[in-house]
Every structure is written in structure tokens, then in C-alpha cells.
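Dropping the structures in below, format is C-alpha cells.
After this come two complexes, each holding chain A, first together with chain B and then together with chain C.
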Partner chain A sequence: MGVALASRNLFENRTRLVVSVAGVVLAALLILVLDGVLAGATRQVTTFMDNVPFDLVVSQRGVRNLHMTTSFFAESKLREIARIDGVRHADPVLYTTTFLTLRGQRSLAYLIGYEPGRPGGPWAWAGRQVLPTRDGIIVDARIAEDFGGRIGDPVTAGGADLRLEGLAKGTTSILNSIAFMDRDAFESAQGLQGVVSFGLITLDPGADADRVARQIRREIPGVTVLTREEFADSERRVVSDMSTELMQMMNFIGFLVGLAVVALTVYTTTLQKLSEYGILKAIGASNARLVRVVCAQSAISITLGLLGALGIALLLQGALGYFGGRVPMVVTWASVLKVTIGAAAVGSLASLLPIARIARLKPAEVFRR
Partner chain B sequence: MVQIARKSLLRDKARFAVSSGGVALSVLLILLLGGMQRGVNEQITAYIDHAPADVIVAQEGNHDFLGARSRIALEDEARVARMSGVSRVVPVISQYAVVEVHGRKEFTLLVGFDRTKGGGPWRIAEGKGTPAENEVVADAAVGKARRLSIGDTVEILGKRFKVVGFSSGTSSWMTGTFFMDFEEASELVASRGAPSFLLVQGDRGQSSEALARRIELRLRDTAATPREVVNANDRKLYARILNGPIGFMTLIAFLIGTSVVGLTIYTATVERSKEYGSLKAIGIRNTALYAIVFEQSVFATTAGLSIGIALAYAAARLIPVLAPRFMVVIEPSAVLRLGIAAFAMAVLAAIVPVRAVASIDPAIAFRRGA
Partner chain C sequence: MSDVERPVLTVRGVTKVFGEGASRVEALRGVDLDVDPGEVVLIMGPSGSGKTTLLSIIGALLKPTAGTVRIGEDEVTVMSEHRLPAVRIRQVGFVFQDFNLLSALTARENVQVVLDFAGVSGSKARQRATELLEGMELGQRLDFLPEKLSGGEKQRVAIARAMANDPALLLCDEPTANLDSRIGHDVVVRLREIADQRGKSVVIVSHDERIKPHADRVLWLDDGVFREMATMAVDPVCGMAIERETAPAHLEVDGETYYFCSRGCMREFQEEHVQKAQRS
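Coming up: the complex of A and B.
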């Protein structure tokens, strides 16, 4: 009964309906988009862990992520790991954070030295797929495009003078991109020998990852073993500590302002209908019924507003992806849930505040007022 | 006319508060997010902005400060100091380093400076700003985040240092800056006394471009770059990728914020359409009606704008206190731009609904009411 009355009351004046729903749409859209950009940026941070094929990663003891770390351990340890039962192969990767210079412009990059043809290299390509030669480097296509770089251009990275040989896709994050080069060339440029930064461990089908990890910890001293998920979690945490904090702060401000706009919108809508609620009270409607009608009315406008915002946010996400994806945006269920709960909470409060005034009155008094 | 407009607006205080509140929230959102983006860019160039430098001299090919691995010849400092038109030369060592703070690794910018020449921290939050042997001045934001106190020790490139001071305004969204004595830094990075950069100040009235050209002609294997160019290069290097998503967040906040301003004023005008109908019914001319509506929307927007700007400035001061890594820079030009956009949106949003009332005959206005 309350819902039917509320919806009749709400849909009776189209202009007011549009205005009240539009307020919620704008507020929820703000929250969903800011959340989506943060989620997209956070997801990009673990792109290496998410896309390179491995089950376990081995690093120097204590090193649990890539960002701003250095990791080196003896390559002989990786050979020992390769002999452990259940390990299919153990691939060495060298790593450093560096500035790469292309066409006189610099960009911060994770530089990966890997064995061409083995895990550790690019997973998606813009153009022809290549294996880096001794004097070649593969950089992200977006960086190359921004700097006006072309295949064959000279690139300086990690102390080596190289040539742009291939363009990878999907390696940029809010902090940097990833560049790939031949492992031997990396060794020569950095003056390294007999060490690796990370070992990417691929297990036999059906092998127990926990058992293998335990065995590596027991038998190989001076290394840390992590699953792919643990490695990604750790990277996400470190970057979040240092960089996405800014976006989190912006997001938080957007969330608070968004909820306040929802509250204002619902409060205004209830105020607009106050005289009608007064009449309901005057003709004998109980306070409980009044509350039901008001709550149902705000629930309807909030639901319509949320659906509208979700639709626009998904369209925006699609459009951003279609036009090159320079701004990462991913609308997540967690964000939808957050905005729904938040809007429902502040919306209920904002609609009940003005109605409390009427609820306190006796039916006869309503007429007088 | 003005009196009618204000009386009508202020009669229902709750509704007036709601309209002004909607505008204020939008203004707060836009100014804060824009201010945070501006703050990121300013933090990146904080060191050079405060350094005594018109021109930065670096190893050949380096035209930025933060991305450069630079080392210049020991004798270049004296060569530049002897040049006419040069009033001050400050050698500094600058290198990124991982600092171990209470067992956690912190990526920092390490600056070695000579206390007699300058180039050290420009604002000290606690302790002293002139580190001696085995001492370091830590970034206050890093110190707060890692619960570092004066007297604690940190490990930098394998050597332990005692924290003797905290510098403020020296952190960016990515790193904090740690300061140590020039000789100490030279030993740590094995530069044998050679600086990474020379910060050169010219005599008053001297063009920094001309000074940079003269220095390049005098020295070999070096690049001399005006401060503004170095700052622009550093911003491009560090904020290029980050500016994509945060610029988009700021843009969305601006679009939604101005839409909320429009919606708020539109709602307030629709709410008063009954009153406008009555005015129309008693024969008020359309120009007078528009004047009233214009007056009301400008009044509500001004109130909301003032509250929003005051709240944004208050938040801009509060945020760095609560979270020292962040800097919010609200520029007067941003406030002006926002003010123009808000007034334009508000007037548009008020005029649209009132056009319907203005177009009807006074006699019909009685019948239609709202």
C-alpha cells in the first residue's frame, strides 16, 4: 500500500521526478566514476603479475614486490629449484627501475631482462610480435606514440644504448611502463654475472604449489617464495601506500560530497511533498504508514537514480576503453554496493528528517499548521 | 524588485539552505580535486622551486633534475663562480635511494648539500636543518607515516644515520626528500667530491636563458638549463601518466559539480513557480519576472559559492595536517573560472523553468498556479 501510494505520488509530477532522480544520478555517477578510475589504476599496477605466466615467484630474501626494489640472488639457486619435484621450469628474470630515453624524452620504466621465448616477456603486442635481440628493446606502444618513437629508433635504458624493436601493449600504469630486453644484454649493461632478480616458477600440471613453495623455503636459503597472488597483493599494497593514496583521497572526497548531494536531493524531494504528507496525516494515516510511504518514495527515486548512474558509468567505461584506454576505469560490484548502501543510508535519513516534524503533530493540528 | 526576490528567497530558510548547500558542495568538490591535482604538480618541483637557482647545471644531455643521473667535474663549480653575472653557485648531490626506516623500505630522493653554500631544506618542522657527519634530516611526511622520531636511526645505502631534523614541504606523491651533508653524500654515492648538479644564481636582471647559454659555452660536457625548463621537464616526467587519471577525475568532478549547481538552482526555481505565477497573474512584466528570477539565482549561487570556497580553503589547510603527503593548491584563477561557470549554469538553470511561466497569459496563470 505504502509503495503504491509513494510511486503514484512520485510519478504524478514528471518534472519533480526527473529532478529528484537526476540529483541521485549525478551523485552516484560521481562516486562510481571516481571509484572506477581508482580501481582501474590499481588493477594496472599488477599487470606484470596478472599477465606473465608463472605459478610461483622466487626473489632475494625479503623482497616481495617489484616497485622501487632491487632483488638479486645466485642463478645457481634457480637451477637447484628447477630440480625440485613438481617444478616444470624455472625462468630467470633480471629487473631494475630505470628511465628510458626515446627521441630526447624520458619515461620511468620497469626494465625486465628475460630469455627471449621464455616467460617474462610481453604478453600483448601492438603490431608485429618480436623477440628482443642483443641490442634491442621492446617498449610500450603508448610511450612510443607519446614520444613519436618508431621501430628502429635509438632508446637508452638501464645504461644501455638500444634500438626500438617492438611495441608491447597494456604495460603502462599510473607510475610507469614496462620495457623488455634480452637478459644477456641486460647483464652486460648492468655489469652483472651469475645472478637473477626473480625466478618465475611454472609447476607441473596438478603439482601442489604450497608443497613446492615449502620445499623451496626449506632447501634454498636466502630466497623468498611467493604465489602469483601474494606477489600481486604485495605490489598493490606498496604502490597503494605510495601513489594511489592520492587518488584514494580524491575518491573519498568525491564519495562524501556525492552522499551529501544524495541527501540534499532526497531532502528536497520530501520537502516538496510535505503538504501532501500533512494531508495524509490529517486524514488519519498512522506515523508508521507515513514513514513507509516516505521511505518507499525515496527508495524508488534512489533506485532509479542508481540504475541511471550505473548505466552512464558503464557506457563511459566502454567509451574510454574503445578510445584507447588512456584513463583506466573499471566499474566494480564493490563500488556499486558501496554507493547503494551509502545512498540508502543517507537517503533514509534525509527523507525522515522533514517527516519527523509532521509525525509529531496530531491529525487536527496539521490542518491548523 | 531586489527586495521581492530576496524576501521570497529567504522566507523559506530550509529551502534556501538546501539550494546554497548544493552549490557549496559542488564548489567544494571541484576546488578540492582541482587543488589536489595542482598540488601534485607543485610538489614535484618543490626542491627546485625553493633552491637558490636560476639555472641548473647538469651532466651533458640532462635537462631535468629528478630523472637525471648526473655527475659533473669537480672544478666546474669554481669555473662557473668566476664567470661575470654569476652571484652564487651551490653544488648538490642528488640521487634516489632506498632508505630503511624501522624495517620498511622507503624510496626517497637523497640530497647532499654544503651547509655553508645552501641547497638544503627550506622549512624545518622539528629539530635542526643542518646535518653533520652520520646525521640526516628526514622528510616530515615520511617521518610521520613511519613513526620516526628525532634520534632514531635509518639505514641509507648500507650506512646508518641518526635523524636530527624533519623537513616539511619536501615530499611528493611518490617520494620524500632526505637531506645530508655534502661530503657524507659524496662518500655514500662514491662521487669523490663531484656534485650531481650546480645550482646557479645570476645577478639581478640577468636572463636565465642567456646565463645558461654562457655557462654551456664555458664548460665542457655539461647542460645548463633555466629553472622553468627543468621544472617543466620534471613535471612531464613524473606526472605525465598520473595526470591522465587524476585529470579525468577532476574533469568529472567539474562536470558533475556544475550540473549539481544547475540542478539545485533549477529545483529552487521550479519550487517557486507558483509564486512567479501569482506575480504574473497580478500583471508583472516578463522583464521584471526575469529580473527577480535572475536576482534569486545569483543570490543563492553567491551564498553557496562563498560557503564552498571557504570550506575548500579550510579543507586545503586541514588535509596536509592530517595527511602530510598531500598538498592542495587552490589558485585564484581556478576560483574565478569556477565562479563564472557556476553563475552561468545557475542563471541558465533558473531561466529555463521560468520561461514557461513568462509565456502564459496573466489570466491563465491564475488557473495553472504551479
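Coming up: the complex of A and C.
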């Protein structure tokens, strides 16, 4: 009956309920969308690690990710690695962060130099699949579209004047995009010789990745060996480290907005019904029962708001996916759990003031007219 | 003394003082009262005489400054605050002047909520609430919100709510004040029936003279003490309650004695009486 009374009290004034629920929706949506965008961005930044086929990656000692790093080690080491038992291929990749210029517009890009036909190149295409020639470059289709670029257009990247040869799909992220070119052309443009940035190691079927990694570390000095998951984790951490403070701040703001709205609603609902709480006390309701009614009011507001926010967030996620937004949004269970816990905290805090008011209410006041 | 004869309500030496120093008000001064099962007691008195304070203390809503109140076996005046809700929900039923129904709940839910407080819930509570309301001839109004009910219907819902947990004692604060005379009469008759047929004790605080014939006893509370009803009179001009013995003026007209609070009221009464006589 307590829950029924709480819901009737809330639904009695539809406008107030809508304001309350909308407040919770906004607060929760703020957090869900930010988390979703971060999750989407995080997923994007590991797209290279997630899609290029390799089991282990070898880099210059100490380099554990792509973003804001430089990695070079002697190509001879990669040849030694290729001879280790269990290693099927060891494919070289050159890498730098650069600006690519297309139709007079510049865009930050990870520039990958790979051997055409070997691991390290694009994995999805917009249009015809191509292998880069010595003067060609493959850029993300979205960048090309944004800049109005077409196949054959001149592109400047990594100090080389190139021609747009192909359009890759799924290689943009919140930070930049990935462009691919021929490894030899990359070497020439950058003035490099006999070095690689990363070695993409493919193992024999059934080979033990940990054993091979340990052997590489033991036998090949000056390199770092990571599994695909470790490499992706490091990249993810870079993004999350950069956004942690922002996310914490926005989460806190969302928490405060939700708290203020729910607290105000529950308090005004309680104040409006104060005389009825007095009646309930007079006819025998204990404080504990009335506290349950107030808490149920909070819980109903919070639950409705939370469900509304989740619904809108999922719609946004679908819409962004459908319309191909540059930054995808991914609503994760972890984010939903966090928002739910935060909302429960908001509901509990919002109930404190009305509960204190009711606790002070004297049942004899019911006779005061 | 057997259980049958034992009073449902025993009030002994109840005193209630509000405020201190210059603002000190003695609302009740050593009030004693016994109410037997099945008895209807009407407490009358001028405004500010302490009626509502007494009702609040009897209903365990207010602690007296001194004295004791016993409802059945429980001496409520010595009970801790957290035990009082259980007394109020099981042993006392309240009927208020303003009905005091919960506006968001239907008639049936208003009764159910009290049953729920006593631990009766679900279909059992629904059935009991329905029976009580049907007993009050509200079978067609079970799912109506209070705003859709007439004053008399609201008060009948309030009586059903008060009876929900089968309490031994009903406390009614001006139960007819917001009702017209016909509906007010109906409410009082129902309270009388509850006392007669179910053996409940009913204490009514009211200014309504029409309740008198339905009460077993009428008590006059004035200035915080009960006075003999026989020694009290009401000034026919200003309506003030006065003691016959100390009344400043009195007048005998057509074999009946009228008592006045002042000579001014007496003169006014005389003039009206003379004019009436001349007209007739």
C-alpha cells in the first residue's frame, strides 16, 4: 500500500511528475551519452588492433601503443623473430602520426606503411578494394567525403605527394583517421632504411603465444612484445586517461542536476502532502512506514527517469549507427550500472530532507485547522 | 471487576500545560473520565475549553503534563513514542471534522491503508474494506476518489476507516460540523449504532446540540475542567457557556429561566422578547 500511495501521490500532479522524471532523464542521459561516446571512441581507437590480423606485436622497447608514440627498431630483428619456432609470419609496418592534406584541408592521421598484400592494410572498403602503389594512398572514406575528395585527387601525407587510390571504411576515430600507403614509399618519404615501427607476428596454428612472446623477449634485445589484447588495452588507456577528469566532472554535474531535481520534487510532494502524512501518523502509521512512502516516491521518479534516459540513449545509439555519425555511441552495461547506482544515491539523498520533515511532524497537528 | 464491566477508557488527573512564564496556558486541569464499552460520551464546551487537547491526549497523540490515560489494558501515557502508533492503529479509531481522507486514494484504499498499517494486506484487506464501506451504504462508491464524494459520504468513509481494525474506542472530533443537519444526524445515528451493536465506546467532542439526545452522557468541559452539565447554561444572546450559580444576570420568561453572561445581553433579550410579544 505504501508503494501504491507513493505512486498515487506522484501521479496526482502530472506536471510535477513530468518535470521530475524529465530532470532525471536529462541527468542520466548526460552521463549515459558521455559514457557511450567515450566507449564508442575507445572502441574506435583500437580499430587497427581489433581488425588487422596478427597474434603478437613487436615494437621499440617501451612502446606499448600507437597514439603519440614513435617506434623504430632494426628490421634485422624482425627477421630473427621470423625464425623463432612457432612464428609463421613477421610482417613489418612503418608508422607515424602526420597531417594529411586533401583538397586544401588538413586532417590528423596515423600513417601506416605496409607491404601490399600483407597484414597491416585496410580491412574494410568503401568501393573497390585496391593495393597501394608507390605514389598512392588509401584514406578513410568519411574523410574523403568530408573534404570532397575523389579517387585520383592529390594528397600530401608524411612528406610525400601522393594520389588518392582507395577508400577504407571504419578507420576514423575521435582522435584522427588511419591512412595506408606502400611501405617502400613510406621509407622513401621519411628517409628511413632498414628499420620498422612494428612487427605484426602471426603464429603457427596451435602455437603458444605466451611461449613465443617469452622467447622473443629473451632472445631479441631492445623490443617490447605484446599480445593483440595488451596492445589494444594500452591504446584504450590513453583515451580513458585523457578523458577521465572530464568524465568525472560531467558525471558529477549530472549527479547534481539529478539530485536537485529529484530532491525538489520529492520535497515539494511531501510538503504538499504534509497534512496527510500527519493524518497517517495520527491514525497509526509509524515513521518507518512513512519513510517507505517517501522512498518509494523517490524510487518511482528515479526508475521512470532512468528507463526514459536508457530508452533515449539506445535510440541515439541506433540513430548514430544508422546515420553513420563520426563518433559512435555505445551504451555499455557498466555505464548503465554506474548510472543506476548514481541514481539510487540521488534518490536516497533526495529523500533525506522530506524524511527529516516527516519525522518532526507531530500527529496532534492533525487537529489544527 | 469483570472484563465486561471494565472501562475501555480511563482518564485520571490529566493536566496539560502549554508554554512557560507569561505565555503559560493550563489547557486541562486534573481531568478524570471513564468510558464504558458501548457508551457514547459527548464532550461539549466553549471554544478553547480544552476539548481537542483532551481528545488528542486520549488518542495518544499528545502527552499530558500530568495524569494517566489507560485504553483497555494499556497505559498509553507511560508508553514510549515508538509504541504509540500500534495503540493508535489497533485500539483507537479517529473521525475528524474535515474527514481527513487521503486525496490520492479511493474510498476503499483509504480504508485499506489503515488495515495495511495493522498488517492486513492484499485481498483480505480489500475484502474487509469493501464490507465496511458496504455497511456504510457506500458499495457504489468504492473506487471513487474523495473529491467525487459528498460530505456525508466522506464522513462515512472516515467512520469505516476508523472501524477498520475493530478498535474498542472511537474518538470523534466535531464529526457533524461540516455537514448539513440531515447528513449530520445520519452520521450520529451511525455512531450510536456502532456503540449499540458492536459494543464500541464512542467519545464525541462537539458544539452540536443535536448530538445530545444520542449520547449516554454529556460532559461540559470549561476552562480545562469538567463541570456538571446541570449547573451550566448557554447565554441565549451571545451563546457563551456560563455557570448558573455565578451568572451575572438571569430572567424568568413564561415559566423558563434564562441565564446571561452580562446585563447587556439580558437587556437585548428583553427588548427582543417585548417586540416579539407586540408582533404576536
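Simple rule for what comes next: the second predicted complex is superposed on the first by the 307 of 369 C-alpha atoms of A that agree within 3 Å, B and C clash if a C-alpha of one lies under 4 Å from a C-alpha of the other, contacts with A are read in each partner's own complex, and residues count from 1 in each chain.
Keep this in mind: contacts are C-beta pairs under 8 Å (C-beta built on N, C-alpha and C of every residue); 3 or more make two chains touch, one makes a residue touch a chain.
The shown structure was predicted, so the numbers you read here are calculated from the model rather than taken from an experiment.
Residue contacts after overlaying the shared chain place A:I312 against neither chain B nor chain C.
Touching more residues of chain A than its counterpart among chain B and chain C is B. By the touch criterion stated above, A:I174 is placed in contact with chain B alone, chain C being left untouched. Using the contact criterion defined above for the overlaid structures, shared-chain residue A:L192 touches neither chain B nor chain C, since it reaches no partner. In the superposition on chain A, A:A4 makes contact with chain C only, not with chain B.
Looking at the shared chain after the overlay, A:R289 reaches chain C, while chain B stays out of its contact range. Contacts of A:L29 after superposition on the shared chain: chain B is touched, whereas chain C is not. Look at A:E276: by the touch rule set out above, it reaches chain C but stays clear of chain B. Within the complex formed with chain B, the chain A residues making contact are 15-16, 19, 22-23, 26-27, 29-30, 33-34, 37, 40-41, 68-70, 99, 105-108, 146, 172-177, 242-243, 245-247, 249-251, 253-254, 257, 260-261, 264, 267-268, 271-272, 326-329, 354. Every residue of chain C that touches chain A in the complex is listed here, in rising order: 52, 55-56, 59, 61-62, 82, 85-90, 92, 94, 96-98, 100, 102-105, 109, 112-114, 116-118, 121, 125, 161-162, 173. Across the interface of their complex, chain A is touched by residues 14-15, 18, 21-22, 25-26, 28-29, 32-33, 36, 40, 64, 67, 69, 98, 105, 107, 173-175, 233, 236-238, 240-242, 244-246, 248-250, 252-253, 256, 259-260, 263-264, 266-267, 270-271, 319, 323, 325-326, 353 of chain B. The touching residues of chain A, counted against chain C in their complex, run 1-2, 4-5, 8-9, 11-12, 275-276, 279-286, 289, 362-364, 366-367, 369.
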